[in-house]
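Dropping the structures in below, format is structure tokens.
In what comes next, subunit A is part of two complexes: it sits with subunit B in the first one and with subunit C in the second one.
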Partner chain A sequence: MKRLAVTALATGFAVVLVEAMLNLGPAAIDLRIPVRENLAESGVSHAVTAVLLNYRGYDTLLEVAVLLLALVAVLTVTDEADVAFPHMEHPVLQTLARLATPLMTVVAVYLLWAGAFRPGGAFQAGSVLAAAAVLLHLVGLLPGWRSPRLPLRLGLVAGLLTFLAVATAMLARGALLEYPPSMAGGLILLIESVLTVSLALILAGLFLLLSRDEGPS
Partner chain B sequence: MTGGLLFALTGVALFASGVAGVVLIDNLLRRILAFNLMGSGAFLVLVGLAQRNEVADPVPQAMVLTGIVVAVAATALALAMTRKYHALTGRLELTGDDND
Partner chain C sequence: MMTFAFDLLLALSLLWSGWRALTTRRLDRAIVLFIAFGLLMTLAWARLAAPDIALAEAAIGAGLTGALLLDAYGAIRRRSDRT
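Our next item is the complex of A and B:
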């Protein structure tokens, strides 16, 4: 009975939404024009990167804080159980992972650099690096992480701290995160580089800190 | 019908099935999957509607990029809590869910 009612409600909801989308008028605010007109001052030539790190830098700053918060929350609910080593130590898989990891690192650096003028950027680069770490872990070359020590903690928060430092340094100019056009490109590259490392560590940590043998409950 | 509108309509279908899944499914892992399906649907709607016109609007695209990363973090947190719950109780369903 419940199943039927929920399915009917969800279908009705979808029909109403589809109906609304098929009759959608033009957008009340067109943001494409201001984005394009100010692109020259943003320090990068790719619009999405400009939105992420310049026009709407707040979003990205808070997003990094959310990621860090999620990692801290994950740390509080995991036990001090034994760190797991997956039992998949096949030589072919390990060789493949050893070959793939340097390539993934190169791809990550390329993505970071390409973010200035084409799709790419810190988040994509960070997730590729984190995927490389997860791959190494799954074939048994990298153990799961215990609770992070000082160097790892510094690496995890470096992105947020750098971003915050740049933001407060810009406060002297009147507004948080308002870069001067002449320095914007360099500042964005600095933030993105540190963010890549921190995001890779955070995303890899979300997996590697959870990868433990279950302790006695 | 443009490609962007097709994306948005697919997103609506995904979102609606995700909502139904979150309400109907008791197993926590599958419920997290359904929740992710909802998120993916919302992202598809944003990206799809952003490219209704010839030039895509970069602002929704940047928002979706932000949203994807936050969704990954939320999923990891949900999985960590599910795992702890499973370790403590040996169950993967919340109590009180079975009064269908």
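Our next item is the complex of A and C:
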């Protein structure tokens, strides 16, 4: 009886929600027109990239900081346990991974470059690179990471630091992250390139730092 | 008509895979269903004309998160085997 009442209530609520969604009025602020009108000054010709790295660059900056923070949290729980190759010596899988990795790298560079004028960008490119690293690790070609040394640490923070450096440099000219239209394209490409490397390392690190070979299972 | 049928199928399979992923008793099945849910979500974003989100969802949501979850599942199983 109680179950029936709960089901009926939940169904009624779902119906009301669907009804409300279908009757949504138009959005109070329509930002599509200002975005399109100012696209020429943003340095890129793809609206999403313009929003992510120019109009709302602040959000992206903090997003990268959050990812870095997640990795730092992972680092605090990993220990110096022995990290070995996973027990996987499958020649077909290894050959496939060897063939796929260069292709994935090319795709990542393409996604990064395409971000300026069509769907793509640093996050997608970085995650494709990270996926390549995870793939290599799973087939036993890339060992898990120990606690990172200086080069890796620099690689992990390079994206955020570059972004911050550009933001601070822009502060001298006026406002934080307000690129001058003539330099915007170059600055966005610079930030996105370094971000791609850092994001790939961070995302791969989330997997490779936690992946412990805990002896034969 | 064809696209409407596809959208309806997509929406239903999204709901179904999401429900199954939450309610299934076996963790490994839940993870595989979650990955399937992510891939269907990618299709949904593509149908909503948001290719940027579709790319991110496919790479991060379904790919990396799925791999992490499977890795965690492997670690849990090894640990419970040992004790």
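For the reader, a short list of remarks on this structure follows.
The criterion applied here is as follows: the second predicted complex is superposed on the first by the 195 of 217 C-alpha atoms of A that agree within 3 Å, B and C clash if a C-alpha of one lies under 4 Å from a C-alpha of the other, contacts with A are read in each partner's own complex, and residues count from 1 in each chain.
Just so it is clear, a residue touches a chain if its C-beta (ideal position, glycine included) is under 8 Å from a C-beta of that chain, and two chains touch if they have at least 3 such contacts.
Keep in mind that this is a model prediction, so the values were computed, not measured.
Touch criterion met: A:Arg32 reaches subunit B, while subunit C stays clear of it. Contact with subunit B, but none with subunit C, is seen for A:Val77 once the two complexes are overlaid on the shared chain. In the overlay built on the shared chain, the residue A:Thr60 is in contact with subunit B alone; subunit C does not reach it. Touch criterion met: A:Arg3 reaches subunit B, while subunit C stays clear of it. By the touch criterion stated above, A:Met21 is placed in contact with subunit B alone, subunit C being left untouched.
By the touch criterion defined above, A:Leu206 lies against subunit B and subunit C together after alignment on the C-alpha atoms of chain A.
When the shared chain is aligned, no partner comes close enough to touch A:Ser45: not subunit B, not subunit C. Of the two partners subunit B and subunit C, more subunit A residues are in touch with B.
Of the two partner chains placed by the overlay, only subunit C lies in contact with A:Ala131; subunit B stays clear of it. By the touch criterion defined above, A:Thr168 reaches neither subunit B nor subunit C. Residues 48, 121, 123, 127, 203, 206-207, 210, 214, 217 of subunit A touch subunit B in one complex and subunit C in the other.
If you check the complex, the residues on subunit A that touch subunit C are 48, 111, 119-121, 123-124, 127-128, 130-131, 134, 138, 203, 206-207, 210-212, 214, 217.
Of all the residues in subunit A, the ones that touch subunit B in their complex are 2-3, 6-7, 9-11, 13-14, 17-18, 21-22, 24, 27, 30-32, 35, 47-48, 50-52, 55-56, 59-60, 63, 66-67, 70-71, 73-74, 77-79, 121, 123, 127, 199, 202-203, 206-207, 210, 214-215, 217.
By the touch rule above, subunit C contacts subunit A in their complex via residues 51-52, 54-56, 59-60, 63-64, 67-68, 71-72, 74-75, 77-79, 81.
Interface residues of subunit B facing subunit A in the complex, by the touch rule stated above, are 5, 8-9, 12-13, 15-17, 19-20, 23-24, 45, 49, 52-53, 55, 57-59, 61-63, 65-66, 68-70, 72-74, 76-77, 79-81, 83-84, 87-88, 90, 100.
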